[in-house]
Amino acid sequence: MTILEIKLCGIKMRNPTMLAAGILGSTASSLNWAARSGAGAVVTKSFGLSPNKGYANPTTVEVTGGVINAIGLSNPGVDNFKDELLKLNKSVPAIASLYGANPEEFSEIATRVEGLVDALELNVSCPHAIGGCGSAIGQDPLLTAEIVGSVKKSVKIPVFVKLTPNVTDIVEIALHARDAGADALTMINSLGPGMRIDIETGKPILKNKFGGLSGPAIKPVAIRCVYDVFDSVDIPIIGVGGIRDHEDVLEFLYAGASCVQIGTSIMYEGMDIFGKILNGLERFMDEKGYGSVDELVGIAHK
Amino acid sequence: MHVPKIVKIKRIIEESPTVKTFIFDWEVKNEIPGQFMMVWNLHDEKPMSISMIDPLKNEIGISIKNIGEFTGQVHELTPGDKLGLRGPYGRGFHIAGSKVLAVGGGIGMAPIVAFSEEASRIGVDVHVVSAASTMNELLFDDRIQRSRSKLLTCTDDGSHGLCGFGTDLAEKAMSEDDYDMIVSCGPEIMMKKLFEMVEKFKIPAQFSLERYMKCGMGLCGQCCVDDLGWRVCVEGPVFWTDELKMITEFGKYKRDSSGVKHSIS
Amino acid sequence: MTILEIKLCGIKMRNPTMLAAGILGSTASSLNWAARSGAGAVVTKSFGLSPNKGYANPTTVEVTGGVINAIGLSNPGVDNFKDELLKLNKSVPAIASLYGANPEEFSEIATRVEGLVDALELNVSCPHAIGGCGSAIGQDPLLTAEIVGSVKKSVKIPVFVKLTPNVTDIVEIALHARDAGADALTMINSLGPGMRIDIETGKPILKNKFGGLSGPAIKPVAIRCVYDVFDSVDIPIIGVGGIRDHEDVLEFLYAGASCVQIGTSIMYEGMDIFGKILNGLERFMDEKGYGSVDELVGIAHK
Amino acid sequence: MHVPKIVKIKRIIEESPTVKTFIFDWEVKNEIPGQFMMVWNLHDEKPMSISMIDPLKNEIGISIKNIGEFTGQVHELTPGDKLGLRGPYGRGFHIAGSKVLAVGGGIGMAPIVAFSEEASRIGVDVHVVSAASTMNELLFDDRIQRSRSKLLTCTDDGSHGLCGFGTDLAEKAMSEDDYDMIVSCGPEIMMKKLFEMVEKFKIPAQFSLERYMKCGMGLCGQCCVDDLGWRVCVEGPVFWTDELKMITEFGKYKRDSSGVKHSIS
């Protein structure tokens, strides 16, 4: 056992990093690649009941400090995705990210994949989902609670709930998710949403016009969300938003995250980002004499 | 920054009844044959290989085959019309060896002609196999000849050059000549056959793959290939045979925009 | 008259740029400096009824793409600030930014300075104000409306309302402000809030722990807010958030802003930023054959 | 990035009953005497001039006079304790001329000693007027002498050197010697008097100003001075007499942390 090992809702992880949902997570192959590259766990691209092409291109565009994206939750649907889940090499825990339009849809998908993964992450926070599937849910505390409650009744594996920062009060949503039975909270999904307009043509560049902001630019907001929720909610927090190096990971742990997810920065650093971060983290803990990741969690509150 | 840069179409060359080349002013830095651009027509955005690189005039070109909505729209544009370009993306062809066989099929000739020009320029002896369905779909003959590469043509219907597939002509060339390396772009079944051939002839080779692309910048995972998960937009689109051996889906299937698999035939 | 000239709520401005509230706006001298440097109008630092020291340092810290700040609305109070307003050289319109805890306070301050400025900007959106003065108001549509209504009854000069993006639905707040009589909307105040934690000590760096995020990192969100509100509200919008060059200004105009404010980027570019932006803007308009700024407003909606 | 970097106190030098110098390892790039650091003791953050720059050992120092809550807290620290530093900030002293008079009063000696060391090192003949209230508050004598600058001292109570103010001693020096330039840092009333003196002697001069600072990076406007609005943290803290003539509040008043004016006396 190394000093990086952690336990999250009973799930053993060899280190506190995960591949974030929707970044290279559409196939078993790329999820396995993330695992081979060092990720302590992998989260799939969010999938729903039926195949979804998502939005037409352009679906991503870079901005200062990150990207805005409106992929639109493209995925081959739960049945096709089960084939992918079956091919996961299982070297690290796998978390299935789900989306749906209502409690029944969420529970249906959850039940179908329960046997193939170690935990579920409910995506109620995509800022550009079609047909009320995304943050329309996560911005409504009661609807969020209803969905979490429904999924919790349907499955036995841990259920994480991924929250949107695009609300007046994220603590309120977090409390509702916790009360409905969430085992952990993932924070944050992409922010805004944001828009980028082309100067020459005056056109919004994304086909969907606006998309969620992710990358280093959103890190301060993610850190604050984790910090605030840590103070009022007693379930583990999975921190995500703008992580690019091991210092960013430390910041999330200090704020109160038990572990972290990494997404957009893979665009800058490639899959090697996991190895680089783990080296940095282990060196730091070694130098400072920390014996386990848990000792780092919540330090900023002391 | 991964942001489309709006450029005006400078010239349009009608290469064949279905293919047009669009030329743009573009500050050439280190664009490499085999790399591609994401092309935005203000409605949709799709990957297109760079088919022409002129570092002196600072121009690049892309060659588009009209096969659907997007390519149809672009074909309707005229000089002066605007497109958004971002790139270059991906890993292009590595130029190596002193005698190289370049095999292009159909619109796959786009990166091949750019490769043959670039490689010839630095003194490589390039033989180009250009394959098309019929004579007037043969692409870039003049540019290949001007680049002092040797041109070998074939058509499915025998209307020009050898009657047969590019792989037949390539096999002939490989048995008659000693090549240090092969590069290829074209329909995946053609490349799959060529791949088996170069294994037999034991010649190092690079192949340019096509997969559905959304971001083009290594984020969305839409273009990832089994079993290694590599992103065609970043780790590819050009792969060595060593790498292709680990891309188990090569020649078998590819995924569409929702990620559903479709077999290649 | 140059092609950059605009009219905002009847106020003539020589160009569509303003100094944003709270950046170098605490004295007549620095406001006059901004005017000399090219700003088309100047907005003061927000001031309240009595002197306010704000938070202790650190009050600002840089992050990727901007800064987070928790200055805490430090100001010498309306009576001292009137001395500053009297020293404005009046070469460009001046806008007084006010804050308060309730409708009465807002109206009181508004009345006292009405004669000295060309317009008021109500700051109901500071994400780190003490005692419910800031975004606690701007996150509540009814309270916002009440304050706007009260100020509108007290003064005759145009009243701008500055909105916070840190709400679930900014259009709802915008509509309430408009209905209550706002003459224009300024969008956006700083975002988040955000937090930055020091790696060595585990301490949040800002004394107030969290602060508003500003600078280029927030531009995509600001653009989207302007775009969305432009679609539903028929009063002028003053765009602000992350502007660093004339292309950023164009993006705001295209999204629907009638003019813009510039803040954080003065840290990168100095006061010369106004001159640089105006040159860029005029050259662009000239090249493209635009005859007035109005022609650019809202182009992205076409 | 304007972010505090945590450093450990390497050594502490007790300069006088009220002043301590704190030395840190610091990669010296182009720190200039007259520039300042924002010093964070994990509770508050305040501006402090750089009083020592050692590009060989890669060390810098700051010298702090204990006058209130923050400075008191920092005085309680011991070697190994942590402080956060960001900077260097502002525009330092411009080194020019071959014979320079440097006038420091009280803790204003902090940038002056750094200046005299740096200027001497490159061959400038520096005369330093060091003024303090009483003998054991005279700062940095040893360093000034070691730097081969000429040291002139005075104390308000006559306990060492000339009995009188720094301005008296400076006037004496200026009438006896020809200086190409004057630099000064100290109480603003002292600098105001010196400013009038150099006008009379027609010698170019630079003065280092103090104003209340919050951001230190040119954003908040807390340190702006009348009438031009310049930021002391960016356009200053060192100003030429030409510039000072346009800083009409110089010697008259300064603003506190809420922006309320207080007259200087």
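Letters A, B, C and D mark the chains as written, and numbering starts fresh at 1 in each.
In the analysis below, a contact is a pair of C-beta atoms (placed from the backbone, for glycine too) under 8 Å apart; a residue touches a chain by one contact, two chains touch by 3 or more.
These numbers come from a predicted model, not from an experiment.
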Open item on the list: Taking the mean of the CA coordinates per chain, how far is chain A from chain B in Å?
Closed with: 36
Task: Chain centre separation (chain A, chain C; CA means) in Å - done: 33
Open item on the list: Roughly how far is chain B from chain D, centre to centre by C-alpha average, rounded to an integer in Å?
Closed with: 66
Task: Residue numbers of chain C (touch at least two other chains) - done: 196, 199, 203
Task: Pairwise touch network: line, ring, star, complete, or other - done: line
Task: Inter-chain touch pairs (all) - done: A-B, A-C, C-D
TODO: Sort out for me which residues of chain A touch chain C in the complex.
DONE: 63-66, 68, 139, 166-168, 191-197, 199, 202-204, 209-210, 213, 216-221, 223-224, 227, 242, 247, 250-251, 254-255, 299-300, 302
Task: Interface residues, chain A side, partner chain B - complex - done: 22-34, 45, 51-54, 56-62, 67, 69, 71, 74-77, 80-81, 196, 198-201, 203, 205, 207, 263-264, 266-267, 270
Open item on the list: Can you tell me which positions in chain D touch chain C when the two form their complex?
Closed with: 1-4, 6, 38, 40, 42-46, 82, 84, 214-222, 224-231, 234, 255-261
